[in-house]
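Going by the order they are written in, the chains are A, B and C; count residues from 1 in each one.
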Amino acid sequence: MTDQSYNFAYLDEQTKRMIRRAILKGVAVPGYQVPFASREMPMPYGWGTGGVQVTAACLVPEDVLKVIDQGADDTTNAVSIRKFFQRTAGVATTEATAEATVIQTRHRIPEQALTAGQILVYQVPIPEPLRFLEPRETETRKMHSLEEYGLMHVKLYEDIARHGSIATAYAYPVRVEGRYVMDPSPIPKFDNPKLSDSPALQLFGAGREQRIYALPPFTRVVSLDFDDHPFDPSKAPHDCDLCGAAESYLDEVITDDAGSRMFVCSDTDFCRSRREAGHVGRLGETAGGGA
Amino acid sequence: MQATEMSIFAKVKPQAPLLSVKGLSKRYGTRIGCTDVAFDLWPGEVLGIVGESGSGKSTLLSCLAGHLAPDTGEVVFATASGPRDTLRMTEPERRRLARTDWAFVHQNPRDGLRMGVTAGGNVGERLMAVGARNYGSIRDAATDWLGRVEIDASRIDDRPSAFSGGMQQRLQIARNLVTGPRLVFMDEPTGGLDVSVQARLLDLLRGLVREMGLSAIIVTHDLAVVRLLADRLMVMKSGHVVEQGLTDQVLDDPQHAYTQLLVSSVLQV
Amino acid sequence: MIEIENLSKSFTLHNQGGAVIPVMQGAQLSVGRGECVALVGASGAGKSTLMRMVWGNYLAASGSIRVGGVDLVTAAPRDILALRRETLGYVSQFLRVVPRVPTVDVVAEPLLTLGTPLAEARARAETLLARLNIPRRLWSLSPTTFSGGEQQRVNIARGFVHPYPALLLDEPTASLDAANREVVLTLIEEAKSRGAAIIGIFHDESARARLCDRLVDVTGFTPGAAA
C-alpha cells in the first residue's frame, strides 16, 4: 500500500515524484523548458492537462485552489478542473484571488497582485517560442542552449513590417533573467509586466508537449522589443462597463444583433469585488442587477 | 623601377591565407567522400571546385563549411584573433563564425531562405542574430541590400514564395552578405536558374566579390561559370583532387586525363 | 622586363592513347622596357602557344619566363593573378565576358580590380572607347552582340585602360578598318614610349614594320628544328 499522504491529489506516487523533480529543475533554471513524462489525464489535450499535472503535484491538503479560464472562474474549463480537484484532492476552493494558495490559470494573470506563498500554474499549449519560425526541435534546443535568439526578433520584425507595430498581442515572448527566451503561454501582452518580479511562484505546464518551466519569485522578466518600437502592454481604450475599472484587462461582449457592445473586466473576481465595494461602470446598474 | 613595383605589391598582397586546408578526408564507411584535400585560399580569391556528380565536391564543401565532420585534416581560418582550426572549435564558436565571417549560399534558395518570412526579414535575420535591435536601421540595411542584388525595394514585405527562382537566389545572397562576411561558400549558386538569369547573377557575384573583397569557394559542374567567376580551379574525381591551378590554365591546358575529358566534353555554343 | 630562357612545352593527350606532342624547345626571348618584339613564323609554329605561356595560360614543361621579377613557370596562381592585375596586359583575339555587362564596365573592370573608384574607372574607359570610335550608344550595351571589329576594339580598350608595364598583343589590328587600325597603332606607340615591354603577333606586315624593334621567328623553337 502506497503512502496516501504522499500520494495526495490524483497522481500516483512515482508520477508525482517525477513531476516535482521537473518543477524543481525548472525553478532552478528559470525559463528553461524541462521535459517530463506527461501522463494521460481524464480530459483531452488542450484542456489543461499540463496545468492539471503541475497543480496536482503541488497541492497539499491545506491548499485553497482557484481555477480561472480567460480570467473567469465560471467557464466550463475552470469549473470542470475545480470540480476535478474537489473530488480527487478534496481541497478547499475559492474564487477570491487573495484567498487562494494555488491558482491554475488559462490565458490570464489575475488583476490583483499576487503575494508571497502563492503559486500560479499556467496551462501552456505550445511552450516553444521559436517554434513559429523554426520547426525542428533539435534546432530550437540548440538555439536555446547557445542563446541564439535572433530569430525571435525576426518574428517581431515581421509584425512591424506587416502591421506597422508589434502586433503580437498574446503569447508575447520574454527573456528571463537575461538568459532563456520563454513563451509566457497565451496571456495577453497586457499581463506581461506582471510576470516580472512577482512575489509568487509561477509554474508552466504543457501536457501534450511534455514540458514544464518556471519563474521563481522575483525573477526579472523582460518583454522583447526593438529600440525604436518599445514593448507596449496596451489594452482596449475603455473602462469596465460594470465596475468602471480603468486599469484592468477587458473582454468585449456583443450584447444584441444591432452590434451593441460592452467592455467588461475579464477577471470576474476582480470585477465582482470592485462592484461589491461600490464601484459602478457605465452599464453597472442594469448588468450588475443580473449578475 | 622593378624594386619599387615589388614594394607596392608587398603592400597590396595579404600576408597570410584566409583559409588553409590540410589533409582533409571524409569516408562514408568504405566509400571515399573526399580524400587528402589541401589548399590555401587567400583574401579576395575565388576558388572553383568542379567535378561530376559524386566526385566528392559537395562532400568537400560541407566539410569545409562545418556542416559535416571530416575524419581527418584541418581547416584553419584566419579569425580576427588569429588562425584557428575550425574543426576543433566548439560548436557555439563555429555557429558564431557561420553567421558572421562565413556565409553559405545553397543551390536551392529554399534551403537558404525562410520561405514564410518576408524578404526584409530574411535579410535582417543575420543582423538581428548579431544583436541589431533597431527596427529602422535593420530595415534600412535590408532595403540597401535588396537594391544591391537588384530586387525592387517595393518587394521588401513580400515573401520569397512570391519571387522567381532568380530573385530567390539573389535574395539568398543578400541575406548572406548583409553582415559583411569574409568567406562565402556556394553550392551550385546558378544551378537551378535559366541561362539569362545565370548571367545576371554571375555579374552580380563578380561585382560583390570585387567591392567587398570577398573570398569564395564555389562548387559547380558548370565550367562556363567557373571560367567567369573563379580565379583558381580545383578538379575532383572519385574524391580526389586530380588537378588544381589558375582557372584559365586548367581549362585551356589541362594536364590530367580526367580534366582533359571534362573540358573536351563541354558542348560549344 | 620579359625574360624567357630555355623554355619547353609539350602536350600529353591522355584520351588519345597518351600521345605526347612536344611543341616547343629551347625558347629564348628578352624584351626590354619600351621595346616591341614581333613573334613570326608559319601558322602552327607556336606563336600563340608561346604567348599563352607568357600569360600563364599554358603550363611550361621546363625553363623560365620572368615578367617583372615573377617567374611564371614556378609562380603560385595568386602571384600570376597579381601579375595580371598590375603588370601584364593581354589583348586576345577573343572577347570572353559575362553576358549583359555594359561595354563601359567591361573596359573599366581591370581598373576596378585595382581599386580605382568607379566614376574614375568609367571615365577612363569612356575616353578609350571614344578614341576607338565605338559609338556612344553602344557603351551601355553588352559587347557580346557586337560585330567582330567592335569586339576587337573593346578588347583593345580593356588591354590599354591600365598602363601595364608589359603587354601581350595577339593580332590587335586583325579585323579593323584603316582609321581604327591607325588609332590602335598609335595606342601601341604610346605604350612603347611610356616604357611598356610588348610582345605581339601581327599578320599586318606594315604594322609590324612600324612598331616592332625586332622579329623573333618561333620556328627556331620547334622541337627538332634546332637539331
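Quick note on the criterion: contacts are C-beta pairs under 8 Å (C-beta built on N, C-alpha and C of every residue); 3 or more make two chains touch, one makes a residue touch a chain.
Listed by chain with UniProt protein names: A = Alpha-D-ribose 1-methylphosphonate 5-phosphate C-P lyase; C = Phosphonate C-P lyase system protein PhnL.
Note that the structure is a prediction, hence the values are computed from the model and not measured.
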* Work out which chains are contact partners of both chain B and chain C. => none
* Farthest from chain C by Cα centre, which chain is it? Let me know. => A
* Maximum inter-chain contact count - chain pair -> B-C
* **Most centrally placed chain - per-chain CA mean versus overall CA mean** => B
* Asked: So how far apart, in whole Å, are chain B and chain C when each is placed at the average of its C-alpha atoms?
  -> 30
* CA centroid of chain A to CA centroid of chain B, Å -> 47
* Please report how many Å separate the Cα centroid of chain A from that of chain C, as a whole number. => 76
* To do: At least two other chains touched by the same residue of chain C: list those residues.
  => none
* Asked: Touching chain C in the complex: which residues of chain B?
  -> 1-2, 5-6, 8-9, 12-13, 42, 45, 196, 199-200, 202-203, 206, 210, 227-228, 231-232, 245-246, 248-249, 252-253, 255-257, 260-261, 264
* Interface residues, chain A side, partner chain B - complex -> 133, 142, 146, 148, 150-151, 153-154, 157-158, 160-162, 226-229
* **In the complex with chain B, residue positions of chain C that touch it** => 11-15, 33, 52, 56-59, 68-69, 77-78, 80-82, 86-87, 96-101, 112-113, 165
* chain A-facing residues of chain B, complex -> 91-92, 95, 99, 114, 116-118, 120-121, 124-131, 133-136, 138-139, 156-157
